[in-house]
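Common to both upcoming complexes is chain A, partnered first by chain B, then by chain C.
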Partner chain A sequence: MRRPPRWNLALGAVLLLLAALVALPFWFVLTGSIKVPAEIIARTPTIVPESFTLQHYAKLLAASDYPVYMLNSLVVATISTAITLILAIPSAYAFFRMSFRGRETLYRAILLAYAFPSIVILIPLFGIFAKLGLIDSRLALVLVNVAFALPFAIWLLRSFFAGIPVEIEEAARLDGGPPFTVLRRIMIPLVAPGIAAVAVFAFVTAWTEYVFASVMILSDAKRTVPVGFSGIIGQYQIDWGLLLAGASLSILPVVILFAFVGRWFVAGLTEGAVK
Partner chain B sequence: MKLPRRILPVVFVAPAILFLSALLIWPLAQAVILSLQNVRSVGTAGDWVGLANYVEVLTDATFWSSAWLSLLWVVSNALLQTALALFTALALNQTFPGMRIARTWIVLTWIVPTVVVVMIWRWLFSTSGGIVNPLLMQTGITSAPVGFFSTPTTAFATLVFINSWRWFPFIALMMLAGLTRIPGDLYEAARIDGAGAYKRFTRITWPLLAPTLGVLLVIGTLLSFNVFDIIWLLTSGGPAGGTRTLPVLIYETAFKSYRMSEAAAVAVLATVFLMGFAVIATRWLARPPEAR
Partner chain C sequence: MTTDRRSRLLAGAALAATLPLGAAAQTELTLWHMEQPPHRVERVQTLLDEFNESHPDIEIRQEPQNWGEVYAKAPAALAAGAGPDLLFAIPDFTPILKGMGALDDVGDFVEELDAEHDFIDAAVEAYSYDDGVWAVPLYNMSMNLWYRPSVLEDAGIDVPETWEDWRSAAEALTTDGTYGMGLPANRQLYTDQTVYSVMTNGGASEIYDEEGSLRFDTPETVGAYAFYDDMLAFSPPDAPSWTWGEAEACFASRACAMILQFSVISTYDTQAEGDPADLGVAAIPSKDGETHNTIAYANAVMLLSRDEEKLEASKTFVRWLLQPENYGRFLNMEPGLFMPVTADGAEADSFWSDPIVETYRDQIETVIENSRNGMLFGFTSGRVFPAIAAISAQNVLAETLQSIAVSGEDPAQAVAAGEARMQDLTD
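And now, the complex of A and B:
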């Protein structure tokens, strides 16, 4: 399709506006984190930094528990992602490739779980976890994160499974493969992009979770990045340089993950989510 | 051969269902029990008080103003983020150099922790050293710095903007799904028939995209209702209760005034309301499954 020049111009303008809306705040954070304090709070903000310093990063890594928070977040998010996948893949497969009684009802219930107001279960879950001795443990966060990511994960995998021709599966089954082998050898490789999408979703859900992590974790050494970061905000007398460095570092792992599998996540959302 | 075929789906589905039941349904049941008792702090046993907590909550003006704010919050967010997302999806649906990069990295706002989103915007909007105010003044839009978080109305509007900013790319990507499924030859045929851009949009794009938009409005509504951290971290429900939506009220009642049972009552009411909305909405979303 060819576009007339004025449409190209309009499209360019819209894209530029979008890029500014999304990227400009991040640009200010990243560049701010390497400016000297005086330039950060300058009356007229500079788009391109005029100074360069790593003092904020040095201070963050040396004087705070930030590295510990990062490690905690990485551990919690990685384990949450793994468990989400282990639970989501077989159930999504069963939901969309097998027929059994109550399938429709269960599927709708899972959609409802996505609508669940998470704050509602904060109070009772705190009580339950307290009885089980799970308060102040990273396991509590893993459980919560999986519960939040799982409904959408199953939903996201739906169309990937639905998109596989029945014949492929039938052929594999006729060859005598047991169901678990068919799932592992045939289906999982075929829905690999969907699995990547779910993994990104689960990881980001866990990486960004704040409320439960702030209530369930009591000791500083077990805090995740969002909670640790908000602690830094309160701890220091608004040291913007330090905060901007912390913000930049907290973005880093998800950006790296996204650089590798983000394409699949986008494909998963655009091709899978609303089919 | 007969037995495994019946049992297998159960084996596959049961772990996920059991997990979700233990972590969502069971606590919800506990919340209902809590709301019928009189419990001050977590873990202590309470006496049964029947519907007293509900009566107390429903006769409290704070509950109603919170419910009203929640409704306003949900509607304004759904409108703003859907509008922004539609605009974005239409632009990203075009082919242009760097299209793939733009599509992938637009969700940057979503992969960042809320705390960071909050910090970014608090900094950009602040009256001292912020970037938005100098920009507004230099371009002559305002003559004095705007206190974005200082009055109930501006704080509410600013929060709606920040929340929509966080979610619109996510919604836009799902919207792209609807757009990419509209066959290109429809547009070609319309073009040959001499239909202009406006006509092509109103006659092809809009009607074919409408079902997707419906689904996304519902998702957007549910996502916005549940938003707590952005509001809590930026305004804590203030100033003057101007941003105290229902999730904020629940948290405040439970963890600031330590009235667990009243908080549970508000939570149960909110859940009933939201689930009612979701049931109606999913009935509308649900389609016959593609599988056999």
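And now, the complex of A and C:
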């Protein structure tokens, strides 16, 4: 059935508005990072840059510890994501497949982790980590990130497992596959889009985590991007060019992750749609 | 080789191996400061490298922190035994660490340094209470009125001296797209500082009376708040969310004709025209135009180590840092923002020979002159009320302004509510 032209027009307008809402802040940050300082701080912002400079990037990379912060963030976010996946996949499968008393209660209870604002548990957790000798270590951040990402990851993956026709799993079991083999060979490939979504979620959560990273890490050499960067931009004086260059670079790893995993994610969804 | 001989040889080798280690034993210190912008960290590192090289028995490393987190982080780290040996502070941060028993009296040490360098009295007073001195003053900051002479001249306006002049100037300079005055109204430290700068010039500098009771709710305070609210009419519409950086950007971009700020020199020099002849700085106008006060406070360093060797090494570093040839370079980690707290520091070649300081020497001399009438709420008239730390931490001065400027409350009612809130926080 053909849609009337005015319906197409309305849809197009909504899409355009949505694209503008999402893209405009990025546009201002990215283009701002290549403007000269006077143009950045001009009261009336220029949408198309009237100047071009890479001085802010040069300063950021040469005069600050930004590259160290980026490396730390990459290490912490990557390891946090890997551990989240390693724990979430079998846990979600267990919640989906295993029958035990209190399964539904436990499944719902794990989301209680999100009931507490992180600031509330910050100081008690600091005390515990201090006793364990984990203060000022990246491991502390990995543990915190995994603890916060895991509940949602389990929820999300379980729903992906639940979406797989039961006949597929039964056929694999009839062929004599033990549960771990069925999970590894049959189920994981089928829930690949879910795993991709969880990976993106866990990575972005770890990449942007600020509260714990700001308190648990004491030394400059172990800081992650959000904390190290907030210091670079200063308090009494703000170097706006440095701020915009840092913000632009900080989204790079997430964009790259989306470029790789997102493609797989979309491909998986499409495959599922035609089966 | 017999087992006995081999054992003796091994023991001898082990002893020999420990000898050089013992001779090279170093006292390692950690310094936390909140001067995180890269150029400040770099300057501090240059000085630390020089110190470490000239004092082979001591090694200091810096760990820059953020003002936003240090209020929670430092007490937690100290409680966990992971805190620094030296920590920079401002007057209302010090009572927090003193309250948890982390500070020892450094009065004798400050006296020794005072005899050699002559501290500004107010700088030491802010850290002197409860029969002790709790930190060593290091660098001063004071709020000033910044303006562009060319803008005022074009409008035929003199630099304002009284509140009346100030209001008229702000009104006249507010034209299409530009604002006469940039004042914040955010619930944040910057607003605390600008509000108090106006209060001190309206006869409301004392938040406590001589007995230590709150006396915030006075006609002078109400008058100061009402005046500030009037002036907000000549500020940009986004000013209620400003911190220091936004105010500076407004000034540097010529959108604000005047602002209150510690210093704009660095931003003006690097992000605006950088013409020293067109950068004006003056004392903050006062109600009657007679005495011009301002908010000012000295940053200091707290010596936190309880280990005798580390404490002595910390003192050695502070002694070294306050030597004029080092001290000027330390202050110029941010030229034009940090001012000396010692008499010989104020004359040091290392301070005045910095290229930026040379360029803006007139402005910097005015800033130093203005800071002589500096004060800080809760630390006035030689009396210190440590309970001010709670009031400061909650930004009650700014919160009171928000009640007037954002919620439209009557200034008298808002100030009365502000005093009640202060009372609650300090009871």
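Note that in this section the second predicted complex is superposed on the first by the 254 of 275 C-alpha atoms of A that agree within 3 Å, B and C clash if a C-alpha of one lies under 4 Å from a C-alpha of the other, contacts with A are read in each partner's own complex, and residues count from 1 in each chain.
One rule holds in what follows: a contact is a pair of C-beta atoms (placed from the backbone, for glycine too) under 8 Å apart; a residue touches a chain by one contact, two chains touch by 3 or more.
Fair warning: this is a prediction, and the values are worked out from it, not measured in the lab.
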Simultaneous placement of chain C and chain B on chain A, clash or fit: clash
Winner by number of chain A residues touched, once chain B and chain C are compared: B
Chain B versus chain C as contact partner of A:220, first or second or both or neither: second
First, second, both or neither for A:240, with chain B first and chain C second: both
Touched partner set for A:64, first chain B, second chain C, both or neither: second
Which of chain B and chain C A:99 touches, first, second, both or neither: first
First (chain B), second (chain C), both or neither touched by A:52: neither
Contacts of A:124 with chain B and chain C, given as first, second, both or neither: first
Which superposed partner A:38 touches (first chain B, second chain C, both, neither): second
Chain B versus chain C as contact partner of A:260, first or second or both or neither: neither
Touching partner for A:23 - first (chain B), second (chain C), both, neither: first
Contact residues of chain A, present in both the chain B and the chain C interface: 40-44, 122-123, 126-127, 130-131, 215, 227, 230, 233, 240
Residues on chain C engaged by chain A in the complex (per definition of touch): 34, 36-39, 41-42, 62-69, 72-73, 76-77, 79-82, 177, 243-246, 248-250, 252-255, 261-263, 266-267, 270-272, 334, 337
Chain C partner contacts - residues on chain A that touch it in the complex: 37-38, 40-44, 59, 63-65, 122-123, 126-127, 130-131, 135-136, 214-215, 218-220, 227, 230-241
Complex interface listing, chain A residues touching chain B: 1, 3, 7, 11-12, 14-15, 18-19, 21-23, 25-26, 28-29, 40-45, 86-88, 90-91, 93-100, 103-104, 106-108, 110-128, 130-131, 143-144, 146-147, 150-151, 154, 159, 161-162, 166, 179, 204, 207-208, 210-211, 215, 225-227, 229-230, 233, 240, 243-244, 247, 250-251, 254-255, 258, 262-263, 265-266, 269-275
Contact set on chain B toward chain A in their complex: 4, 6, 8-13, 15-17, 19-20, 23-24, 26-28, 30-31, 34, 42-43, 87-88, 91, 94-96, 100, 102-116, 119-121, 123-124, 128-129, 131, 134, 165, 169-170, 173-178, 180, 184, 187-188, 197, 212, 215-216, 222, 225-226, 228-229, 232-233, 247, 250-251, 254-255, 260, 263-264, 267-268, 270-271, 274-275, 277-279, 282, 285-286, 289-292
